[in-house]
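Going by the order they are written in, the chains are A, B and C; count residues from 1 in each one.
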Amino acid sequence: MDVKKHFQDRIATLSIGIILLCILMSVSFPGQFGTVANFSQLLLNLSIDTIVAVGMMILMIGGMFDLSVGSVVAFSGGLAGYLMYYHDVNFLVAVTAGISGSVLIGLLNGLLIARAGINPMIQTLAMMGIVRGAALMLSGAGIQNFPYQFIIIGQSKLLGLQTPVWYMVFIVALFSFLVKYTTFFRRFYFIGGNERAARLSGIPVEKMKIWAFVFSSLLAGIAGILLSSRLGAALSTSGRGLELRVITAVILGGASLSGGHGKIVGAFLGALFMALVNNMLIIGRVSGYWQEIILGIVLIVAVGLDQLLQKKTGK
Amino acid sequence: MIKRYYCILLLTLTGACELPPHPQENALTANQGKEKYITSNEVSPEEEYVMVTTAINLPMYVSHDQAAFKKWGIKMGVRTSIVGPAEWDVPSQIATLEQIITGRPAGLLINGTDPGLAQAIHKAVSAGIPTIVYDSEIPNSGRHCFIGSDWYEMGQLQGEKMAVLIHKKGKVACMGILGMENMEAGFRGFQDALKQFPSIEFIGKYDDKANVETAAKLTADLLAGNPDLAGIAGFDSNSGPGMALSVKEAGKAGKIHLTTVDAEPEHLRLVKEGVIDYLVGQKRELFTWLGAQYLFDMRHKTLQISGNDAMAGVIPVPTTIITGSVEIDKNNVDLFIQPSPARTIKPSL
Amino acid sequence: MLQLNHISKSFPGVQALSGVSLEFRAGEVHALCGENGAGKSTLMNIITGNIQPDKGEILWNNSSTIVKSVAHARNLGIGIVYQERTLVGSLSVAENIFINPPLSKFGLISYSLLYMQTQHLLDELRLTSISPEMVVDKLTAAQKQLVEIARALAQNPSLLILDEPTASLTHEDTAVLFNIIQRLKTKKVAVIYISHRMDEIKEIADVVSILKDGGLQGSFNSGTISTEEIINRMVGRAVRQLEYHSHKSNRVVLEAKNFSGKGFQQISFSLHEGEILGFAGLAGSGRTLLALTIFGDRLKRSGELYINGKPFEAADPSSAIKNKIAYIPDERKALGLFMEKSISDNITSADKRSGFFSRQKNDAVGEAAKLKLDIRATSVRQTVDKLSGGNQQKVVMAKWLQTDPEILIINEPTHGVDAGAKEDLYKELKKLTAAGKSILLVSSELTELLLLSDRIAVMYNGSIKDIVNHEDATEELIARLATGM
């Protein structure tokens, strides 16, 4: 087994990092960190970010990204909540509405970026504001008192773990499989690696880009429904800052800003790593002043270490 | 063959599915004969009381709520911790709260920033942790006690003072975050207080989104649209500085009467300058000092109503405490400007 | 197989092709030569369906056809291997070769089938150093080029266009490629071979066609036409092939003693004033790494360097420049030029002396260089990205000449440069040595080395196998030494 080769693999280095962190935590905070309760809570808080990260990973493999996902999370929960609370709409219809709305946003993003050629950063940044505004209009100061059936979606437990965790597992597994084994998803690597060449090879680049944005928003919509169901409330501040967290997680997980790299499971591992660091800060009762500094340092160290290892092995 | 195996697996899994408790069920009454909240006979210096807030570095929170809380901890010889996200991020506050619950602290002091906290607070209570909400009430949370100001009264005080300031006649408006329960109560109090003055015209309540620039812009628009505007009342921390900025720029300082809430250094300075006439302050230190004390009392059975309150499901602390308002104007503003020991807190690294 | 009748194409401002008629026959290797800008890429773009001609007819297998799109061209059986890389680094060789991989019955990719299919193809092409699972990022430049070729062949084309296919290939790999081409000939595949390397054209091509300024200068049997005549027709002026002439003196300007670093070890040689010391070797033999270490871009491990007898420690390139060493890199696009900047800006980019930026001074320098090296451009304010390869190389050379170096280390100076510009560059090098400058010339083109070098150091696996004098040097000897024998 070529150890060096494995060190160049981001998935491997991340996994090792995660294991090391867990060991460090269990030793420093026995009884607090290594408990089932803490872990299940950790996974639960992780699930929303991860679901969105899967969509973002697909985009970044294709060399794109989407800054509007946080707003879409708020929007889909807000729309569903609005319909159920103010218009007594059946929960299934509300959920469908929320998710469909998100898909439409993704479609809009995709069309404007792929067809009209608007720069993705500008387009999704603008959409971030527009959708956040829509979410605020729908949810106002916040909506609570959802019908019981809606709550079941996000608050039921299976084998002790709350459902969002299972949704996360399912989505990560499903998309890992799809990206590895379907020609359709594999094309994103080509588009991200060398767009011009992809076009010349007959790949319908425009259509694929639109699909990518649709998937990203779809997953964000699903995450939004899960979040509001889990909290039992549609908050206007849901998803604030989510996009940067998710992009950081995805980059940690192996994606490159220029595209053509990354695996779905990397998105999960990246998000897990960040959640672990966050958990560490909370359990360690680290003052609020340090939180942001530490998260920034973690990102630099993690990616920098990776570059260093690459250099040593003679790249 | 394989298909059948998968079906059976799926069925067992769905069967293992636990549905969430129906909202009508009260977890507290479900357990008879067990402690509803965790108590202890000894005071340990390791026992930890945790404050969970958002915008953890907000100056107002740091100099009042957190300062008093820390002071209490030192006096009682127990651990106090303050956790929460640095930005105004309620979902993150919720996630933090849930992670703290698993550590079973001695008591939880929660800043009621958003009704969305209800479900997480419920989890804390069900886990048997004495839990007190402060600042804004969170309905349907099952919290053991709420400590906060009476916003209706804060509105009333502003209304009554405003009437005096504008000599009982003229146009007035108010601003704050629309839709927030406590502020809406404030608006109502304000309007109700003005009802007895037929010559005062209330033109409306406006949303400044808790943002200084928005408040300033709103004020400028109001002045432009109503040249005979007599006064404006503010209901969130940033209303005051925003309104003052705009009024100063229009050169109308002293001519338009401003009243607002909160007594932070910037508000006090504006009162001294004469731009703002009147402040209604909150006794935030009481939120957390009293809150922490009651958490301690619940845990250590300081005072018992029954033979064993924890078993009987009796809460030996008040259900709701209204801490009252502090009135500040030119006459007493200097006393507030003196830095009190509670105000100068260095960041703990 | 493919016949082009009177193809014309114009773009705003330039007539790219005028009335070009060519015939490409099955089983025949048809070489296409021409300076950059002669119209070769335009012609290829038309054949592959990327653009449509303004006038003229395309006959595919004797029937008039319009090649509507790239996909259409592929369906017709037209394949092309581009000059630039089109591979996706993070994916495997197999996935790059077969963009549409074989599917299992559920519509999912069957990796076992894919790898088998790829291995089959690689075996057929005798590409033994590459295996299907290898990740493309980890391949050498030569291997990547071979994968590109395999990918085009995977489509079973009846007409294959190869655009500068040997640019990254070693002598050995080129032989493998030529083998493949021979087998394609027996399979009655028509091959269009675009290259600047005359020796290759002479070896592999049956027919040579020369384009100049959008017009056809003629098609000839490659056996009967001489290299000189091909170049003459390409350039349109009588270009006498340079002859070897030595300016080597006895004074040593640069000496290396047991110089070791990453990728090379125990290198010892001396460079004389006015000498051109060539460095031959296969890809991976350590020449570029050696050059970069001498220049200070990489750190040495052990050994000494002496300039004019004084020991020299290169901490970084700026100290090398101070010591009058210049390094002209092989990847000019990535390493030598600032593509969005103008010609003058590029030329003055290494000049440390300029205190304040003055546009006039800048332009003056640019004009002088443009004149001296005959850079073909409309103005020195033009950005370099639009220049041809040869002219870009001239700009890079001008940039370094501005620093007034005594010792020049040049890496692959004529990579992707057409014959006319090549001659200009060779002349410039000779002028430099006549003026007393010394040159370390790293090159993979043996003809170039044999033509220019006073001595040739052959490297293999990081060490110098031998240093051969001009009189004793032959292609076979150098090639043999380069492979370690």
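Assume contacts are C-beta pairs under 8 Å (C-beta built on N, C-alpha and C of every residue); 3 or more make two chains touch, one makes a residue touch a chain.
All of these numbers come straight from a predicted model, not from anything done at the bench.
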Among all chains, which one's averaged Cα position is nearest the averaged Cα position of every protein chain shown?
-> A
In terms of CA centroids, furthest away from chain C sits chain B
List the centre-to-centre spacing of chain A and chain C in whole Å, with centres computed as mean CA coordinates.
-> 44
Centroid distance [mean C-alpha coordinates] between chain B and chain A, Å | 32
Cα centre of chain B to Cα centre of chain C, whole Å, reads 71
Interface with chain C, chain A side, in the complex: residues 180-183, 186, 189-190, 192-194, 196-197, 200-203, 260-262, 314
Would you mind writing out the residues of chain A in touch with chain B in their complex?
-> 32, 35, 37-38, 41-42, 44-45, 140-142, 144-145, 148, 151-152, 155-159, 227, 230-235, 237-241, 279, 282-283, 285, 287-292
Please name which positions on chain B make contact with chain A in the complex.
-> 13, 16-20, 22-23, 56-57, 81-91, 94-96, 98-103, 114-116, 118-120, 139-140, 177-181, 347-349
Going by the contact rule at the top, pick out the chain C residues touching chain A in the complex.
-> 50, 70-71, 74, 85-91, 95, 99-101, 103, 107-109, 262
